[in-house]
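Each of the next two complexes has subunit A plus one other chain: subunit B in the first, subunit C in the second.
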Partner chain A sequence: MTFLRVENLKVYYPVRGGFFRRVIDHVKAVDDITLDLQPGETYGLVGESGCGKTTTGRTIIGLNKATAGKIIFNDIDLTRLKRRQFHKYRKDIQMIFQDPYSSLNPKKRVIDIIAEPIRNFEKLSPKEERRKVQDLMEKVGLSPDSIFKYPHEFSGGQRQRIGIARALTVNPKIIIADEPVSALDVSVQAQVLNFMKDIQKEYNLTYLFISHDLGIVRHMSDRIGIMYKGRLVEEGTKENIFNQPKHIYTKRLLAAIPDVNPEKRDEHLLMRKEVNEEFERNYEKYFDAEGKIFDLKKISDTHSVALP
Partner chain B sequence: MGKPLLQINNLKTSFRIGDEFYAAVDDVSLTVNENEVVAIVGESGCGKSALALSIMGLHHELNTKLEGEILFQNKNLLSLSTNELNNIRGKDMGMIFQDPLTALNPLMRIGDQIEETMKNHYNLSKEEMKKRTLELLNKVGIPNPERTYMQYPHELSGGMRQRVVIAIAIACEPKLLIADEPTTALDVTIQAQILDLMRELQNQMKTGIILITHDLGVVAEMADRVAVMYAGEIVEIADVFTLFNNPLHPYTRSLFNSVPSAADGDRLHVIQGIVPSLKKLPRTGCRFSERIPWIKKEAHEENPKLREVEKNHWVRCTCYQHFDFPKDAEDLHYDIS
Partner chain C sequence: MAAPAVNGNDKEIKFEKSPSGWSIIFRELMKDKLALFSLILFFAIVIYVFVYSMNIGPDQIDRIDLKNKYSPPNSIHWLGTDYGGRDVFNQLIVGARNSLTIAIAITLITSAIGITLGLIAGYFGGLVDNIIMRIIDFILTLPTLMIIIVFVTLVPKFNVLNFILIMSAFYWVGKARLIRSKTLAERELEYVAASKTLGTPNRKIMLFQVLPNLSSIIIVNMTLNLAGNIGIETGLSYLGFGLPEGTPSLGTLISYSRNPVVMEEKIWVWLPAALLILVMMLCINFVGQALKRAADARQRLG
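Now for the complex of A and B:
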């Protein structure tokens, strides 16, 4: 049984123009992506802004429409379902959004924010509902007494934990975390990341962890996929990606991260320069005539690279 | 190391909230030498941007109170009139802002924006200015200066915009450059290019740079000296190698341990509690004491001052001697008052 499989997913946006505003071209936000998620693992999806990583996440949860391809969850293709049928599966896949300042409704109290998924999927009496919300608040490390407060009364890290509590209410199996900590300070970041690891163990959650920060992805993920221009360029375990990167784009991305050891500064700069030169010199080796990325090919059990 | 370029002595920047003034930058003393990169590190709200804006004199006059001294080329910036300050700002001191989209005027062509600073400080003819502007655009690595000269900011990508912002900052060849989170809004590969560019320009022009950032990786790559700020105060200053090898102050150590790429082990360290707001900031004693409650009161000084613990390594408060991380870190607390 496949747990979650994204198969040849394509998300194209039409570009209109000319006579009668016909469709003249497409923006290929996601262009033929295939990935498999195993239960209980964290899959890190990395790439620069505009590479299609967020679109992939949003399409899995149903916020964007797939142009082609399948999203198979427990052997059912979610892209073929009607709206009402899809409702059943919404509960199993939840999302943590990037910006805790704009993803919580400022006019709602915390209890209403967290209880909203419960109200959609379960019928609970107000008393039960309140108890459940308070339990969740405690779980995410917030005082159960503060359920009648409004989002603005909380700090950034606390808000992000409210967002996590909301995602947890209906016992999801998969959580799509779209840059969950990039709006937060380092120490608050640490708190949220630790907490995400804790609840993963507790609920046996599967994460699709979308981020541009390779340091954080390395810390969180079991497997990593590197995206560039709407396609995957390399996929493998954390060790595969960080110790034996094969694609030039992966190497370039890794070389761009500043090294936290000031003594290796010059060495690192030299390495970065070499990788950048190689990127320009061997461009044809890694990209086809139209500048498109090749299809992924397996080079070991866990490691795939987009090479001709 | 060159001679001192900027000397800040006991700077205190206070903002008005209601009828009271609250200090966001408190007792900060810092020297920047020629051809030196000084990094200021800290979390949001620690006063690092407030410090930068104080040096540039960009705070609102009525709502801010500045005390102390900011000596730049032996002139105290705080005692100058706006006119005198305008002769220095943009010419001898340049600033790179964090967000390149909001720092540029969306209605002005790139060329005009760069020439604006030159117009204020130099007496150049139109042709000369254009020539210089094109040179500048070339210098910051913009591929087609002639075209970019006529473009508007929205036509450029984030990295290109930040290059334009840098071009404006260095248009008059400043001696001091203040970069406030210059790469935070950018992707890593673009960040690497911008940092390379800043390093190159520094080598060419021997500028002193104040680099404000929260990214320890950027600090490790760029800085000569590092000042760590917490709650408006500098808690530790040292050269970059000393600070990364032997961080002493509890805040510095906590910061290092909470960054995934620098921390060792599976769990990240979480600093307890939250940064106190300006109004609630304790004005006496060690400001970090509240966030390391397992350290005894006696370990802190009553009135902590920066002290030189080894050569050129300054640390505030004595609590660092007694500090250690708790064994079984319980990192979720009820942190709502």
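Now for the complex of A and C:
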């Protein structure tokens, strides 16, 4: 039984032009990616901005329509479900949004924000509902007394935790975290990330962790997929990716991580130059004639690379 | 659930409302004395007009008294009489009531239609948006005033209700466009996407998530529209395409001044109505300006 499997997912956006606004081309935001999520793990989806990682996440949760492919959750293909049928699975997949400022409705009090999924999925009396919201607030480290406040009275980190509390209310199985800390400053990032790890253990959650920050992904993830131009270029465990990167794009990404040790500065520079030279020399080896990325091939049990 | 937790949660939590919505408007009005005074004055006029007009029967307005025609203000006729010897003050009150009823009704009806269609068009976008917007574009291209005038001349029995309906049929489009444009901006925000992932149905998102965020714009727009609608009604009545003479309005009173003699020598017939319109319009606009500032944090005084 597969827990969550994304199979040959494609999300294309039509480009219209010409006199009759005909479809003349497609933007291939996500172009044929396949990935598997195991229960309880954290899968990091990494790539530069615009590579389609957010689109992948939003498609899994149903905010974008898949052009082709399957999203199989507990042996049911979510892309084929009608909206009403999908409602049943909404509870199990939840999302933490990137921007804690726009993802909370400024006109709603915290209790209304966190209780929104409760009101949709469970019938609770106002008293029970308030108690549950207060429990959740406590769980995410906020004062249970502040449930009648408005979002603008909280700091960015606190707002993100309200967002997390909202995602947790219906006890989901999978949480898609779409760059959950990129809008927060570094000191708060660590706080929120460690908190996310804690609740993962507590609720046995599975994360699809979308980020462009390799440091954070290394801290959070068990397995990592590297995306580039809407396709996966490399997939493997954390050790596979960081210790034995095979694809040139992965190497380039890793080389871009700044080294804080000034004594190794020259060494690091040399490494970056090397990677860049290899990229220019061996470009054809990694990309086909149209600059497209090859299909993934397994090179070990856990490690796959897009090589011809 | 553990017992202490229950006890802990049973104590009432103080309901602390942060400055938002009504309290911001209230603070803004308190800072802007002119707007506060305008608001009080406007409500005083409205209440006085509606309460007093209940005591005036149609016979009191229509009673013709040819011995007293064009009598200047005196103790019986506070504001004098018109060419039929009819009491101007009574006509002014009933006329103000009719004008206000029409303006308020038009504002409410156009807002209801405009907000509903604007929200639907902006929220769903695509084909729905296209259809609604093309209908709006079509109505916008029509010469509204001409059609209303033709309608007024064609309909044999013309009354307040007809007037409200024909005006509302044309004046909702502006509001729908405004609401649509704001909804378009609002639905791109993440909280709408969040609500979708939390399983909230679309109509609930529209009504309870998006609409509250448009409330300030709607309040401001409704206030300023109210003043505009009073103006449109009196304008049409002045031109003779508004209400018939049996139902007085502020416009019909002013239209007596089309007669040069009345204009120059019997100013008590039309001047009170003109002043009342001026005062009401100014009041509404001052309040509207204050609300507009309250809706925009950068312009706020308080």
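The criterion applied here is as follows: the second predicted complex is superposed on the first by the 308 of 308 C-alpha atoms of A that agree within 3 Å, B and C clash if a C-alpha of one lies under 4 Å from a C-alpha of the other, contacts with A are read in each partner's own complex, and residues count from 1 in each chain.
Here is the rule we go by: a residue touches a chain if its C-beta (ideal position, glycine included) is under 8 Å from a C-beta of that chain, and two chains touch if they have at least 3 such contacts.
Computed from a prediction, not measured in an experiment: that's the story for all the values here.
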item	value
Side-by-side fit of subunit B and subunit C on subunit A, or clash	fit
Touched partner set for A:Q160, first subunit B, second subunit C, both or neither	neither
First, second, both or neither for A:T250, with subunit B first and subunit C second	neither
Subunit B versus subunit C as contact partner of A:S221, first or second or both or neither	neither
Subunit B versus subunit C as contact partner of A:T67, first or second or both or neither	neither
For subunit A as apex, the angle formed with subunit B and subunit C - C-alpha centres, to the nearest 10 degrees	80
Which of subunit B and subunit C A:D185 touches, first, second, both or neither	first
Which of subunit B and subunit C A:P117 touches, first, second, both or neither	second
First, second, both or neither for A:T59, with subunit B first and subunit C second	neither
First, second, both or neither for A:Y150, with subunit B first and subunit C second	second
Subunit B and subunit C, minimum CA distance [Å, superposed model]	12
Interface residues of subunit A shared between complexes with subunit B and subunit C	none
Complex contact set, residues of subunit A against subunit B	48-49, 140-143, 146, 154-155, 157-158, 185-187, 189-191, 193-195, 197, 212, 214-216, 218-220, 252-253, 255-263, 265, 268-269, 272
Touching residues on subunit C, where the partner in the complex is subunit A	1, 5-6, 9, 13, 15-18, 20-21, 189-191, 193-200, 209, 212-213, 215
Residues on subunit A engaged by subunit C in the complex (per definition of touch)	58, 61-63, 87, 90-91, 93-95, 97-99, 102-108, 116-117, 120-121, 130-131, 134-135, 144-145, 147-150, 152-153, 163, 166, 170
Of subunit B, residues touching subunit A in the complex	43-44, 158, 187-192, 195-196, 214-221, 223, 240-241, 244, 254-255, 258-262, 266-271, 274, 331-336
